[in-house]
Every structure is written in structure tokens, then in C-alpha cells.
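Below, subunit A partners subunit B and then partners subunit C, in two separate complexes.
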Partner chain A sequence: MGEFAIRLFVLSLLLFVFGAFSALCFNRRTKWANVLAHCSSFLGGLFGATTAALVLSTKQPIIVTAWTIVSDVVLRLKVDMLSAYFLFVISFITIAVSIYSLGYVTEYYGKKPIGLLGSGLNLFVLSMIAVVTVDHSVSFLIAWELMSLLSFFLVMVEHEKAETRKAGYVYVVMTHFGTVFIILSFLTLFFFTKKLDFSSFTQTATRFPDYVKNIIFLLSLIGFGTKAGMIPLHVWLPRAHPAAPSHVSALMSAVMIKTAIYGLLRVNYDFLKGGATWWGAVVLGIGVLSAVLGILFGVAENDIKRFLAFSSAENIGIIFMGLGASLLFRSYHEPLLGALALTALLYHVLNHAVFKGLLFMGAGSVLYATHTKNINELGGLIRRMPWTAVLFLIGGMSLAAFPPLNGFMSEWATFQSLLHLSFSLDHPIWKTVGGLLAAALGLTGAFVAGSVVKHFGTAFLALPRTSHAAKATEVPLAMRIGMVVLACGTVVFGVWPGLVLGMTNQIVESYFHQSVTGRAMLYIPFHRSVESISLGWMGMIFLALFLLLIALLRVLVGKSNNRYDETWNCGTPLVQTMEYTGTSYSHPVLMIFKRLYGIERKVEVHGEYAYYPKRIRHRLKTEAIIETKLYRPLILGTVWLSQRLRAIQSGNLQSYLAYMIITLVVLLLWIR
Partner chain B sequence: MEQWIAMLLLISAIWLLQIRKISDSVPILAFQSFVLALTAGAMWYQTKLSHLLIAALLTLVVKAMIIPAILHYTIKKIDVHRQVERVTSKYTSLLMAIILSVAGFYVTSRLHLPSTKFGEPYLPVSITLVFLGTFIMIDHKKALMQGIGLITIENGLFLVAQSISYGMPMMVELGIFFDMLVTVVIIGILSLRIHSTFESLNIEKMSNLKG
Partner chain C sequence: MFLQIAIVILLAPFIQGVIKKTKARMQNRIGPSIWQPYYDVIKFMKKDAVLSHHSSWLSIVTPYIVFVSIVTAGLFIPTYTVNNDWNFIGDVILVVYLFGVARFFTALTALDAGGSFGGMGSSREMALSAIAEPALLLALFAVCLSSGTMKLSDLVVSLLHNGWDWFTPSYGLAFFAMLIVVIAETGRIPVDNPDTHLELTMVHEGMLLEYSGRYLGLMMWAAQIKQLLLLSLFIHLFFPWGIAASGDASQIILSFLLYVAKLVALSMLLAFIETMYAKIRLFKVPKLLGSSMILSLMAILLRVFE
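This part shows the complex of A and B:
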């Protein structure tokens, strides 16, 4: 069995490599390049997912030794339980994205080199798989850097736009900022173990003194947190995701930011095996900040992809809340509750990947059909693109945590973990904070639901606002199939959580020695092992209630009767500009949180009499407060410092030589 | 005896800082390289290591003959019989050279480098040569003098290698000689180009090229 899994895994890796090279070779023949690249990534994803499922079901880690880079640094791919789970997530999303890309890249025929694009996609997926499977810190950093650079190239596909170039720049700066901290955390580990491979970290890191553990924790949190997009290090997310081609942003948002979660779990659970209480508190704090602020920034957006990017920051916040709760329970020696929180977080990793991938594909389909991402220029798409509309709605409902879809299941499990903070920990602070955190998560959920309504309602319902929207047609079959795959995922992972719990259980067991699993329908222990409640049945009950309500209405009111009539229009003809826009929908929220958005509002009334204006101009300017208040001073300070430092760089050969000889003499004098 | 030869090397390096015309530097450089060849030859005589003889002959041919010839040709071609230009005055540069020489001797006395029996007397001078060569490059403004400073640095390094371990392996030595030759040819060509572009060899004018 193990042999078979290894062969399958190697085959999947080779398929990605094959896809990358064959697409490059056929760069001139766009159609061939498209088919070759995406078929091989599809097969690669399929085999990868199978490997992961095999590893998780047999509980046998597999090891593939590929290449001895230098005598001490071996490129070895080791799929243990944690790796296998993330491998499954990556491969599953890759399957759907590959099918979707077959249709989506036709948009770029004749404009962009398809071979390069397809090759980049294959290598990007390969690098992500490498990130979650390698077991050596040097090869991990190489894979991590490759992943960052390849995704940067993919973001820059539409480099002729100034906006994209700016986004790419911010992305590459931020991602390297994060990498610096990851390198530092590995160096700290190396400094105290004198080894570079993960297994020695695992064996010796628990014996480190506390301050070293704290340093490693903080460095890894900043480093991986930047990639994950936690607030306030999220600034690249809302820039890079909208700038990238949609199938790439689906991969980046659904999977790439999850590799950071993998890194955090690897460092904090595998190496350090949990730590002080304040670790959990810090992660919880960042989580709640990311969740609430992320969605508050998202509500104000009118660009679908920017909204989805902000929502990724919010979901990372939810995942961080699970991680924080889990670390906290671990430090209080509550293994069962810690296991529950870890399950919730792992479950949400998969679920977010599935529905966010679906939503980005939906946004991509809208972009494909209408060439705009601004919802205020859309409208009425449900009649022209019924498939996309329904699939986007499924994704949106899952995002808004509607039972029985998968988004609900994991958010609900996170809720439970947060409530357990106040129920099960005998500490006055957690009694208060636990409840507040759960309330904050509830607030987040409400805003998410609001923004989903805003985006779906404005883009898909009512009349088309511009000719772009009016001329839209349904997207090609391949794109629809890609979305359907993930839509099925949202339903299956929601209704049958036992499937996912079977996978996460191996990981949770290895860290907490507690089993969180269930029969076909999931039972999550509510408290200790006595009370238990089934997520699956809860979903079913909700569905049943819903159906019952419809049936009841049918009996009481009778068959619904429709009357078609004209809308009351104050005596003027109905035009599209009268429609409620996305901006107006989110306006109340903007007004409530005025401070946060830094709103500048201007109303100009033109005309002789104020009561009979000829023209009213309403302008609303928001500014990203984190960027102006946090990043601007930092950037200005750095620029100031650099300008001072530039004085020594005169461009004069003699002064450079003088620096050299002064350094030489000082070194020779100082060396003893 | 070794001390006197070492002093000759030191004087030649300081002399390079004090010249009036650029064309004066070529014979001094040839003299310096000739003394260098002499040291290698003396060491070969004492140790009977054959590769020292090869190094000595190569130094004599390449550094004391071919390179000065190229430089002489270049100078004749550009027709710079003019005075050298320095950043500091003549006497300040002499003071700096003395300070650097003292620093070189002081540093070597502190470092306790693992020197060989016959090479030991040359060690402080060799390091001082490196310092002075760099200072020649810093002090002089004419492009050709940068090349002469570079050759002085190389001479210093050659001597360091000789006094620590009787020279580098033959292959490395050959490579360095070849590099040296190419460098001088390039310096010659570049000097010609710079002269024809700027009507001057003053490298300060080259900072006008900066964007």
C-alpha cells in the first residue's frame, strides 16, 4: 500500500513538471498549451488528492527522497498526517481550478503567452505541494521562496496596467518581509539544535528555554502571518488578489495563504508542542482583529475580487481564532477542548479553500463575461448567466455560514471552541473574553452575510446598469464544471463532516491524544464526552425546518399567486440609474464606523433653489486607515533614513576605495 | 639583505605617490616588479623550490617588461606628459603613506601570521604594499594611475603569498599573471577611450555619467 502511495505521489509531481515544460514547449500554439498545461495539472491534482487520502486512511507517512542538494541538505518529501491534509486541500482545489482554467484562459488568447501562464500555474502548485511536504528547513525556504516568486509572476500577468504593477510591488515587498521573519525563526531553531532538518527540531525543540520558544513563536507568527494576510500585515491581499487572473487568485486565496497556516501548525505544534498562555491570547487577539476589521473593510468594497480578498483576511482571522483557542486550551492542559479547537481550525482551512475558490471562480466568470469587477456597473446577470449566479450564491451562502453548507459547520465548531473558553476554563478573564470573542465572531458573520447580499444582489439581480452587463452571456462549459466541482464540495463537506473529521482526526490525535471524530454524521463533544451534538444533524434539522416552513406556508396561504404590475415610479420613467447601488447598500455601515474608514463626504447641490436642485453631486471618499496611520509613517521614516544613508554613496570611485581600505585596516586591527 | 630588498619595495611604492609626471610612474613600477622578481629568485636560491623560479621569471617577464611596455605605449599614445593630479597635496600624501606604512608594520606585528623562515622579513612590507597601492588609487585622479595602484596591490598580494607559504600553487599563480595582463590591456584601452571622450583622464569627470 505504501509503495503504491509513493508511486502515485511521484506520478503527481511528475505530471506537474510535465505540464510546466510541455506548456512552455507549445507556447506558440495557444490551444495545445492550454490543454496540455491544465490537463496535466488536473491529473496531478487528482493523484495528489488520492495520495493524501491514502496516507490519511492508512496512517502511514510516506517519504520520497528526490535529490541531495548538498551533503547535508536533502530534498526529501515527507507526507505525514499534517502534510497529507494540506496536500489534500491543495490538490482538491487544483482539480477544480484546472478544469476552470481550460475555459478561463481563452480570455487571454492572443493577448498573453498561454504557455507561460499554464507553466507558471503548474509550477506554482508544485511549489505549494513542496512547501507542505519537505522536511528540511533549507528546502522549505527554497520552496517557500519559489512559491512567493511564482505567485508574484502570476499576479503580474496583466503587467501593462499600472495598478497591477503597483500591486505586484506591494506583494513582493510584503512577502519578503514575511520571509525574513521565517528565516529568522528557522535560524533561531538552528542556533539551538545545530541541525536544520525538521525531525531534529521536533525532537529537541521542546527542551528549549522558554524565552527561545517565545522568540521562535513570535518570529513565526509575524513571518507566516504576513503570508496568511492577518491584519495589520494584510495590505498585499486586497491588491494582489484582484490584480491576478481569476483562476490564479482562486489558488492564491484558497490555498496559498493556507500554507502559512501549515507553517504555523508545524512550528507551534510539531516543533514547540504548544507554549505559554499568552501565545494563545496573542493569536486570539490577532484573529478577532483580522476577522472583524477584515470584513468591515470588505463591506465597503464595490469590487467583487477586492471584497473577496478582504473576506480572506476575515477567514484567516477565524482560523487564527481557532488556533488561538487551541493553543490556550493546550497551555491549560485541556486536551479534549484543544483537540476540538484544532479540529475546527483544520476543518475551516478546507472549507474556506473550497468556498473561496468557488467565489473567486464566480467573480472570474463575471469578469470573463462582462469585463468589469465593479458591481455598480453590473446587474441582472442572473437571467443571462443562471449557472454562474446559482454557483456564486452557493459559495456566498457558505461564506456567510448558512447551514447546512460547509462554511457553517466549521464556523460553528469555532464558535463552540470560543464558548468553551468561558464555560470550561476557571479563569475570570477567559469567562468574560470567551463570550466577547464569540460575540465578535457573530458580528463578523452578520457583516459577511450583509456583504454577500450586497454583492450578489447588486451584481446578479435587478436590471443591468451598463451595456457590459446587458451583453453578458453564460461562460464556457469548462468554467461551469470547475465551479460545480467546488459547489459539490461545499455541500458534501457541509452535510457529511464525518468525511473531513476522519482526515483531521489523525492530526489532532497525534498532538492531543484525543480523538475528535464521529459516525457518518459528525458528533462533536460539547462538553467532556457526555453531551455531544451532531453538526450534520443540526444542518439537517435546519433544512427540515426550512422545508417545513415552506410546506406550512403552502397549506396556510395556498398556492403562491403572482401579479405582474408596474412599479410605482413617481411619474417618471423607470431607468437603471434609479436602482439601489452597492455603495448605498453598505452606506449605513460606513456611517456607523465613520472613524474606521476615515470618510470624507461631500454633497454639492447645484441650482437656484435648494428644494428644486438641478443636479446633486454626492462624493464619498474613504481611506484605508491602516495604511495611512500605520504604514505611511513607517515608509516615510524608512525613506528619510535611506536618504541620509545615501550620502555615503557618492558615486566617486576614490571614496569607495577609501571605505575599503579603512574597513581593511580597522578589521586587521580589531581582529585579535 | 632581505631587509634592504624589502625597504627598496617600500620606497618604490611611496615614490609612486610622489611622482610629478604620469610617465615617471612606469619605470618605478618596472623597478618595483624587478625587485619583486629578485625576492622570488632569492627565495628560490634559498629553498630550491622550482615553482619559485618560474614565478620569478614570470614576474620578470610579465610585470617588469610587458606590463610597463603596454603602459608606456598607452601614455605615449595619449601624450600625457602632464603633471599628475592628486586629491591631497604632495606632502599630505607622503604623511598618509607613512601612517599607512606604520599601520602595516603594526598590524603584522600583532597578527602573528604563520610566516615561513625566508619569507618572514617581507611580510610587513607586503601588507604595507597592499595599503599603499589602495592609497595610490584613492589619491590619484588620473585613470591610468588607478591601474598602477592595482598592480602595486597585486605585487603586495604576491609577496604576502610568498612570505606565508612560498607562493600560491602554480595554477593560481599563472591565472593571476594572465588576469594581470588582461587587466592592464583593458586599462590601457579604457584610458584611450576615456581620453578620447572626455579630453582628459581625470576620473572625477566620469561622475558626470551618473544618472
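This part shows the complex of A and C:
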């Protein structure tokens, strides 16, 4: 079995490599490049997902030695349980995205080199797989850097737009800011183990003194947190994701930010095996901040993709809440609860990947059909793009965690972990905080629902607001199939949690020696009570009642006689400009949380009498408060410091030579 | 299961009738008959419907989805018995999210016809519900904290067993916190006015503006059922005494009568509050819900440090 899994895994990797090179070779022949690149990434994803499933079901890690450079430096890929789970997530999303891309890149025919784009996509997926499977810190950092750079190139595909260039710049700066901290955390590990490979970290890191563990935890949290997009290090997310082509943003948002979660789990669970109580508290705090602020910023957005990017920050917040709770329970020696929280976070990693991938593809479809992402220019797409509308609605419902879709399951598990902070821990602080955190999660959920209504309602319902929207047509079949795959995922992972729990349980068991399993039901036997949830059952009851209601009404009263007429509009004919826009939809929220948005509102009334204005101009300016209050001072400070440092750059060759000599002398004295 | 569903569905218009009648009497009116909501529902089911040209299939499906999600949520709330047959499926979080589904589709379809009133109602509803949801969860949590479960039937059993002490301060605080939330969630004064048809003040009714015939009937009925369920939740969290925990027939009948009596009393209280107060401004509502959250928080703190 192991042999077979290894072969499958190698085949999957080779397929990505093949896809990358063949697409490059056929760069001139766009259609060939498209088909070759995306078919091989599809197959690669398929084999990758199978490998992961095999590894997780047989519980036997596989090791592939790819390249022995010298006897000591070996590029080795090791798929253990944690890697296999993330490999599954990456591969599953890649399958759907590859099908979708077959249709989506036709948009770029004649405008962009398709071969390069396809090759970049394959290499990007390959680098992500490398990130989650290598077992050596140097190769990890190389893979990490490759992943960052490749995604940067993919973000820059539409580089002729100034906005995209700026987004790419912010992304590349932020991602390297994060990488610095990751390097530092690995260096700290190296400093104390004198080894660079993960297995020696795993063996020795538990024996580190506490302060070292704390340092490693903080460094990894900042480093990986930047990539994950936790607030306040999220600034690149809402820029880079909208700028990238939609199939790339689907991959970036659904999968790439999850590699950071992998890194955090690897460092904090695998190497350090958990730590002090305050770790959990810090992660929980960041989680709550990211979740609430992420969605509050998201509500105000009128650009679908920007909203989805903010919602990614929010979902990372939910994942962090699970992680924080899990670390906390671990430090309090509550293995069952820790296992539940870890399950919740792993489950949410997959779920978020599935529905966020679906939603980004849906947004991409809207963009493909109408060439705009601004919902205020859309409307009425449900008639012209029925498939996209239904699929986007499913994704949106899953995002808002509505039963019976998958988003609900992991959110429920997170709720339970947070509530049991207070039900099971005896510390008065946790007793209070648990409920507050659960309420914050509820607040987040309600805001997500509101913003999904806003985006779906404005873009897909009622009358088209511009001619782009009026002329839209349904997207090609390949794009629809890609979305259908993930839409099925949202339903299946919701009503049959056993599929996911079977996978997560291997990881959870290895850290907590407790299992959280279930088939059609997520079931947790607590000390005092038994908590369980079954969306399959709920769905069946729902369906039965639904059919019963329709049948009863039909039998008892007969068919409803429907007549069609104008919308009620106080007796005047309805025109598009009277519809509620996205801006007006989120206005109440903006007014309630005025301080957070730094709103500047201007109403200009033109005309002789104020009561009979000829024209009213209403302007609402919101301010990205984190950027102005936190980043601007930092940037200004950095610029100021750099300008001071320029004093030593006189441009004089002699003085540069003098610097070198001084450095050399100092070094010699120091090393002596 | 069927009895529970049937009772929830059939009792809901009665409670609405009681509230309306009480309100009318307090305002020195005779008011419509207590059975009027039943006549309304039957009438709406029979009537033809007028739909907008601009609306899509969502407008037709939504009333069914809303009705069924609320009825499904009713399975997990204790009514005349402790009712733990469906316990394994879900808990109060599922109930909150099923109400969420109903609200989501209502708000979504309000935008379907393209009129501004629907949009306005929808946007206000989603903004207010975002504040109401954490308030509801906190108030629930304040009660759940001592029993350590979110399953309502287990919770009621443990409340029955331990018994809340009427004179515990945390009990009183949680009571008022929950009362505010129940008023907000049922869309009653001072948060929303269920009787208004003045366009600028509507929230929930604004979203139903484009419905007619059977669809309107289902939406209104669903709203009544949701109201009944929230009242039942409130009753069982704070006055669970007398609820039948076993399957003895005479006990169940007694428990049912007691349940109806409690419902009637609570709905009269709601009608009383509604007569005493005026609707508050929209942007004051978050403050009201905020005060509910503060009350819950105080209740929790008192519980924790007792």
C-alpha cells in the first residue's frame, strides 16, 4: 500500500512539473497551453488527493527522497498525517480550480501569455505542496519563498493597471516581512538543536527552556500570521486577492493562506507540543480581533472580491479561535476539549477552502461575464446567469455558516470549544470569556449573513443597473463544472462530517490521544453532557417537511394562482436608480459603528429651495482605520529612519572603502 | 414529533390573537376577535398572488424555506414537554442558525423585486439582527453557564432540578436581558412595529411588502411561529416549573395546559410593554440591545464569582 501511495504522490508531483513545462513550450499556441496546463494540474490534484486519502486511511506516513545533493543535504518529502491533511485540502481545491481555469483563462486569450499563466499556476500548486510536505527547515524556507514569489507573479498578471502594481508591491513587502520572522523562528530552533531537519526539532524542542519556546511561538505567530492574513497584518489580503486573476485568487485565498496554519501547527504542536496558557490567550485574542474586524471591514466593501478577501481574514480569525482554544485546553490538560478545538480548526481549514474557492470562482464568473466587480454596477444576474447565481448562493450560505452546509459544522465545533472554555475550565476569567467569545462569533456570523445578502442581492437580484449587467450571459461549461465540484463539497462535508473527521482524527489523536469522530454525526462525549450535531438528519427532516408543506397546500387549497405586475413603488414606475445599492445597504452598519470606519459624510443640496432641491449629492468617505492609525506612522517612521541613515551614504568612493576596512577590522577583532 | 410540530404550528396564530386583543383592550378598542389570525391565514392561503415582473424564482421558494426552517427549529425547543427525541440532531446553536436561515432568505428576497422599501427593510433587519444575535447568545449563555450544556431539553431538566432562585441577582439580570432580546427578535415595539405600514418605519413588514396571497400567508404564519418559539424558549428558561419530563398522559395534559397559560400570560406582558412604549429610533436600537448584553454580562459575572 505504501509503495502505491508513494508512486501516486510522485506521479502527482511529476504531473505538475509536466504541466508547467509543457505549457511553457506551447506558449504561442494558447489553446494547447491552456488544455495542457490545466489538465495536468487537474490530474495532479486528483492523484495528490488520493495519496493524501491513502496516507490518512492507512495511517502510514510516506517518505519520498527526491534529490540527494550530498549525503547530508537531502531534499526529502515526507507526508505524515498533518501534511497529508493539508495535501488533501490543496489537491481538492486544485481539482476544482483546474477545471474552472480551462474556461476562465479564455478571457485572457490574445491579451496575456497563457502558457506562462498556466505554468505559473502549476508551479504555484507544486510549491504549496512542497511547503506542506518537506521535512527540513532550509527546504521549507525555499519552498515558502517560491510560493510567495510565484503567487506574487500571478498577482501581477494584469500589471498594466496601476492598482495591481501597487497591490503586488504591498503583497511582496508584507510576505517578506512575514518570512523574516519565520526564518528567525527556525534560526532559534537551530540555535538550540544544532540541527535543521524537522525530526530533530520534534525530538528535542520539548526540552527547551520556557523562554525559548515563548520566543519561537511569538516569532512563528507573527511570521505565519502575516501569511494567514490575521489582523492587523492583513493589509495585503484585500489588495492582492482582488488584483489577481480569479482562479489564482481562489487558490490564494482558499489554500495558500492555509499553509500558514500548517506552519503554525507544525511549529507549535509538532515541535513545541503546546506551551504556556498565555499562548492560547494571545491566539484567541488575535482570532477574535480578526474575525470581528475582518467582517466589519468587509461589510462596507462594494467590490465582491475585496469583500471576499476581508472575509478570508475573518475566517482566519475563526480558525485562530479554534487554535487558541486548543492551545489553552492543552495547557490546562483537557485532552478531549483540546481535541475538539483542534478538530474544529482543521475542519474549518477544509471548509473555508471549499466555500471560499467556490465564492472566488463565482466572483470570477461575474467578472468574466460583466467585466466589473463593483456590485453597484450589477443587478439582475440571476436571470441571465442562473447557474452562477445558485452556486454563488450556496457558497454564500456556507460562508454565513447556515445549515445544512459545511460552514456550519466547523463553526458549531468552534462554538462548542469556546463555550466549553467556560463550562469546563474552573478559572473565573475563562468562565466569563468563553461566553463573550461565543457571542463575538455569533456577531461575526450575523454580519457575514448581512454582507452575503448585500452582495448577492445587489449583484444578482432585481434590475440590472448598467448595460454590462444587462448584457451578461452564462459562463462556459468548464467554469460551471469547477464551481459545481466545490458546491457538492459544501453539501457533502456538511451532511457527512465522517468524511472529514476520519481524516482529522489521525492528527488529533497523535497530539491529544483522544478521538473526535463520527459518521453522519459529529459526536463529543463530554464529562457532564454529550454534545452532538447531525446536519444529515436535520436536512432530511427539513426536506420532508418542505415536501409535506407543498403537498398539503396543493391538496387542501390547490395551486397558487400567480399574476405578474409592477413592483410597488408608491405609484411611480420603477427604474434602476431607485434600487437599493450596495452602499445604501451597508449604511446602517456604518452608522452604528461610525468610529470604526472614520466616516466623513457630505450632503450637498443644489437648487434654490432646500425643500425642492434640483440635485442632491451625497458622499460617504470611509477610512481604512488600521492603515491610517497603525501603518502610516510606521511607514513614516521607517522613511524618517532611512533618511537619517542616508547620511552615511555620501557617494564618496573613499568613504565607502573606509567603511569596508572598518568593518573588516571590527570583524577580525570580534572573531579573533 | 408530529404532535410537537402540529401544536407549534396551530398554536402560533392564537398567541398572536391574544397579543392583538390585549393591545386593543388596553387602547380602549374592542379589537378583532382572538381567532382573527386564523381567519387571516386561511384567507391568504386561498387568495391569488401578485408577483413582481422583476422577481425571480427566489420569491416563490422563499416562503416555503422560511416556514420550514422555523418549524424545523421548533423541534429543538421544549414546548409542552421536555421533548428530547431530537436531541441528538442539534442544540440551541442550531436553532439560532435556523432562524438565521429564515432571516437570510427573507432579507434576500426583499431585494428581489427591486423596490426601495424591500431594500430598506432588508438592510435594517440585517444590521439590527447582527447586534441581536450576540445579545441572544449571551443571554442564553448566562442561563446555560451553570448547567454546562447548550441542549435545551437537558438545560430545562437541569434547571428544573436545581431550580433558579428567584432572589438571585444574576437570575433577574438574565431575565431582563432575555426579555429585551425576545422583544427585538419578535419584531415588537420598541424595536420594530409589527402593525405599521408606514413605509419609513418598517423593518420586518417592509421586507414582506411585495408578497401577497399564499406567499404572504406563509411568511406571516412563519413569523407567528417564530414568536411562539421564542416565547416558549423564554418561558422554559425562566419558568420551567410544571413541565412534564416523563411520558405520563395526565401529566402531559396538565403540562400542556400550564404551558398555554404561561404563554398567554407572557403575551399579555408583551402587549402591555407594547402599549406603554413608543417605537424608538432605529439607531437607538443597538443601544437597547447593547444594554441587554451588559445585563447578560453582569449576570454572567455574578454567576462566576458567586
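One rule holds in what follows: the second predicted complex is superposed on the first by the 609 of 672 C-alpha atoms of A that agree within 3 Å, B and C clash if a C-alpha of one lies under 4 Å from a C-alpha of the other, contacts with A are read in each partner's own complex, and residues count from 1 in each chain.
Rule of thumb we're sticking to: a residue touches a chain if its C-beta (ideal position, glycine included) is under 8 Å from a C-beta of that chain, and two chains touch if they have at least 3 such contacts.
These figures come from a predicted structure and were not determined experimentally.
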| item | value |
| --- | --- |
| First (subunit B), second (subunit C), both or neither touched by A:S185 | neither |
| Partner chain in contact with A:Y564 - subunit B first, subunit C second, else both or neither | second |
| First (subunit B), second (subunit C), both or neither touched by A:S83 | neither |
| More subunit A residues in contact [subunit B versus subunit C] | C |
| Partner chain in contact with A:L653 - subunit B first, subunit C second, else both or neither | first |
| First, second, both or neither for A:S98, with subunit B first and subunit C second | neither |
| First (subunit B), second (subunit C), both or neither touched by A:S151 | neither |
| Residues of subunit A that touch subunit C when the two form their complex | 379-380, 382-383, 397, 400-403, 408, 412, 415-416, 419, 422-424, 428, 431-432, 434-436, 438-440, 442-443, 445-447, 449-450, 452-454, 456-458, 461-463, 521, 526, 528-529, 531-534, 537-538, 541-542, 545-546, 549-550, 553, 556-557, 560-570, 574, 576, 578-580, 584-589, 591-592 |
| Subunit C to subunit A touching residues, read off their complex | 5, 45-46, 48-56, 58, 60, 64-65, 67-69, 71-72, 75, 86, 88-91, 93-94, 96-98, 100-101, 103-104, 107-108, 110-120, 122-124, 126-138, 141-142, 144-145, 148-151, 154, 199, 209-210, 213-215, 282-283, 286, 293, 297, 300-301, 303-305 |
| Residue ranges of subunit A in contact with subunit B within the complex | 650-654, 657-658, 660-661, 664-665, 668-669, 671-672 |
| Subunit A contact footprint on subunit B (complex, rising order) | 87, 100, 103, 106-107, 110-111, 127, 130-131, 134-135, 137-139, 141, 146, 203-204, 206-207, 210 |
